[in-house]
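Structures given as structure tokens follow.
Both of the next two complexes hold chain A, though its partner changes from chain B to chain C.
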Partner chain A sequence: MDERVKMRVRDLSKVFFTGKEDFKAVENISLDVLENEFLVILGPGQAGKTLFINMLSGLLSPTTGTVELDGEQVTGTSLKISVVFQKTAIMPWKTTIQNVEMGLKYQGISSNERKKISQQFIELVGLQGFENSYPRQLSGGMKQRVGIARAYAANPEVLLMDEPFGSLDAQTRYAMQDEILKIWETNKRTVIFITNNIEEAVYLGDRVILFSQRPARVKAEYRLRDLGRPRNYVDRAFLEMRQMIEKETDLALE
Partner chain B sequence: MAALSEYKVEVNNLCKNFGDLEVLKDCSFNVRRGEFLCVVGPTGCGKSTFLNLLTCLLEPTSGEILVDRERADPRKHNLAFVFQEPSAFPWLTVEENIRFGLEIKNQPRHYIEDRVNTIISLMGLQNYRKSYPYELSVSAEQKIAIGRAFAMNPDLLLMDEPYGQMDIKMRFYLENEVIRLWQALGSTVIFITHNVEEAVYLAERILILSQKPASVKEIVNVDLPRPRDIAGDEFVQIRSYVTDKIRWW
Partner chain C sequence: MKVSVRFIIKRIIYYILPALSIFLLLLMWTAVAESQKTIPNPFEVFERFKRLQDRPISNTGIIGHIWASLQRVLKALGISILLGIPFGLLIGWSESFRYLFKPLFEIFRPIPAIAWIPLVSIWFGVGEASKITIVFLGAVMPIVVNTYTGVSMVPKLLTDAAKSFGASHGQLLTDIVLPSSLQAIFAGIKTALGIGWMVVLAAEMISAKSGLGFLIIRGSDSDDIALTMVSMVFIGVIGALLSTVCNLLERRICPWTNE
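Here is the complex of A and B:
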């Protein structure tokens, strides 16, 4: 595995200045993301994880601190970065293939070439036969796969996934976790994957970074390469890792 | 009350068809008085139909549901339901939400006070009596709906995956709470979930539904002391066993 740093985050903070008092959402986060690693950001509900990832993608500007991609500061959206959103942000009036093609269209790639690339990723996520279906004709897991195919088709160097399986039931979630690993292994990219699910984090990550509850800070880091792959949800080492992380996780009661 | 059957709820040969589509096929099982039963099944197995039949929102094509040996009747029996989505009434405070069902059923004033106080203290909501749901987190809102359901002293409490979207720390916290409520109040609970670990953590018995058309595939006893250790050998063994029974992925 290449140990080159792909993204460098330094002292990243986000503060919202409201009438009464300043609302600190993200506080002084520094971390490195290695090339082609599967990095999981784990944090309790409403910790500020989405704000953090939106600053990585350039959709949101930080109050202080910097994000660098290949040594260059990220100041706005970039073709090198694709995002899979928490709520399936696919267009309801477009078919599967039209949704997947979208990023390529904005890059000015010809219609034929677009079709070819899109078809390849539609097959990779197992949606062949549904190319011409509209989102309302697809199940929740399938819609999320359209979003993943679209993100991959744009051929990004970094994929940001913001709790993509959050709204799926536990079983569909297991199926999608296997799917996402299969795609990552055949198509190595730098992936930053956000979740609030400890089991999912331990199943997917090369490395897991645990955020505190709001304001989000780095609370702990876990290196999971030793767990090997594929992993088993009920292996002793797996369960022990889960329990260790769970102990460190904040309970966000209020 | 004399001659109570061992079973609170008896489900006999329940079938439901929608036109040609068979969704539920010959489902029979019993729920013991004061039991905590979890139901698991593969995605898309007909779980919603199953729930809607048990709450008498749908008429079965054939078969029957008995509560205390009588045909289940929402006018007579208390069938409480906690939905997947938090469903506290936004225009009522925490306390008013919990009183809601009791007042509809015209319970005596002192009984309502007692019951509401018991629930509020069991759930540690004393400081939030006068709060509105929007002032609380989603998990707290779900707690209100759960408190409201337990307050009714339901003959049967159905919970439809109430903790689906919560992080695990929160889930364990709420699962422990639901066990505490159940143990203190002795309600009969059917808890539906996709999450096998959750089922093994909570249930006295786990009922496994088959693929559509759903029928009872097997009932598994979970005879482990509480609080349960999710990494314990027996726990893992039961979890793996049940998972294999519903695996489709």
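Here is the complex of A and C:
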């Protein structure tokens, strides 16, 4: 895997000015994201991880600092970046296929072409047969799959995943972790995956960056490529890495 | 098997209960009519209805009078939808538009449509145009309010998501904000229909040569309470039918809300 820097984050901060005192949510975060790597951002709940990812996607403008994608500064939302949202953010009035093709529709791609591409990603996430179902007819895990297919179908270079499995039950969560790795391996993209679950972080990441409690700061970095893939939750190396991270973590997470 | 039998019995009971409640109403109505002798009983009202078929009032049978009222409501409702939804969308969507028109709207909104009757009569006379205008003034308010509320309640998460996938300002409006507000808009249309049906009767009671409101006043003026009550029954039945039609339409247009 090449080591080209895809995204460069420098001194990124977010401060909210709330009358009396300033509220620091994200403080001076600098990090590089390599092309096609699976980077996990691990941090305790309420640490400002979502704010951080919203600044990467251009939905939120930082108080100070910059985000660069391929050397160009990100100032607003970009078609090169897609987001898988924590609360799915799929449209209740759209069917599975209509949700998946959103990005393509806004890019002005013809209806036939849209259907073809969307179908491909619907099959990739295992939702064939549910193309014309509305979200309320789908389970939590299936809704999140719609969100993942939608992000991939827009054909981005960078995928931001904001605790996508946070609300799923343990069983579904394990299945989705394997699913997301399978998709990533067949469709190599740069992935930034946010979680508050140490086990999930060690299972998924090429690299894990640990955030502190609020205000979010970079606390530590772990390179996990040596663990190889596929990983096993009870391998010795896996458990050692997990323990090492656990010691550094601010709160007992989950 | 046992469960399905119980289910069938339950369904049958659900069909019987409404019939039962209507039967009880007729029974009580008859009892009151017989004991007081001030109002006609259901059979006399039905006789009056049949007589109306043979001897029309204002050259119009009951169907003609129903249609006279109904078409006033539907025309006014159509205009209310055409003007009210875009207006509600605009004040919900554009901040400057909201600051410009919301205060005006809030002042006009509490004025009951019926209060406009004198002014509207000066401007449009006493013909169809003035009745439709008065009904419109009543019906447009809930449509604007609900559309506006629907737009302002669109979850930010959903507009954010659409923005992140490259939606333009116009696409946000047509692809996210409008469909997300549809249920609220429909609730507004249902309220508008109820208000419109109420206002048209009031308008007809004041000045009209046709319509159910006219029949009510004609019955009262000519000591023909049976005629008034025929009209009342039809007002109730038509109102209930309209609301059913509206619900069916909503299910058709917003299929994602179905069970």
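Simple rule for what comes next: the second predicted complex is superposed on the first by the 251 of 254 C-alpha atoms of A that agree within 3 Å, B and C clash if a C-alpha of one lies under 4 Å from a C-alpha of the other, contacts with A are read in each partner's own complex, and residues count from 1 in each chain.
Simple rule for what comes next: a contact is a pair of C-beta atoms (placed from the backbone, for glycine too) under 8 Å apart; a residue touches a chain by one contact, two chains touch by 3 or more.
Values in this document were obtained by computation on a predicted structure and should not be read as measured data.
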First, second, both or neither for A:Met102, with chain B first and chain C second: second
A:Thr190 touches, of chain B and chain C: first, second, both or neither? neither
First (chain B), second (chain C), both or neither touched by A:Gln243: first
Touching partner for A:Gln171 - first (chain B), second (chain C), both, neither: first
Touching partner for A:Val234 - first (chain B), second (chain C), both, neither: first
Partner chain(s) touched by A:Ser212 [first = chain B, second = chain C, both, neither]: neither
Contact residues common to both interfaces of chain A (with chain B and with chain C): none
Complex contact set, residues of chain A against chain C: 54, 57-59, 77, 79, 81-83, 85, 87, 89-94, 102-103, 105-107, 134-136, 150, 154
Residue numbers on chain C that touch chain A, as the complex places them: 157-158, 160-168, 171, 175-176, 179-180, 182, 254-256
In the complex, chain B residues that touch chain A: 42-43, 136-140, 161, 164-170, 172-173, 193-196, 230-231, 236, 239-240, 246, 248-249
Parts of chain A lying in touch with chain B, wherever the complex brings them together: 44-46, 166-167, 169-172, 174-175, 178, 196-199, 234, 236, 239-240, 242-243, 246, 249-254
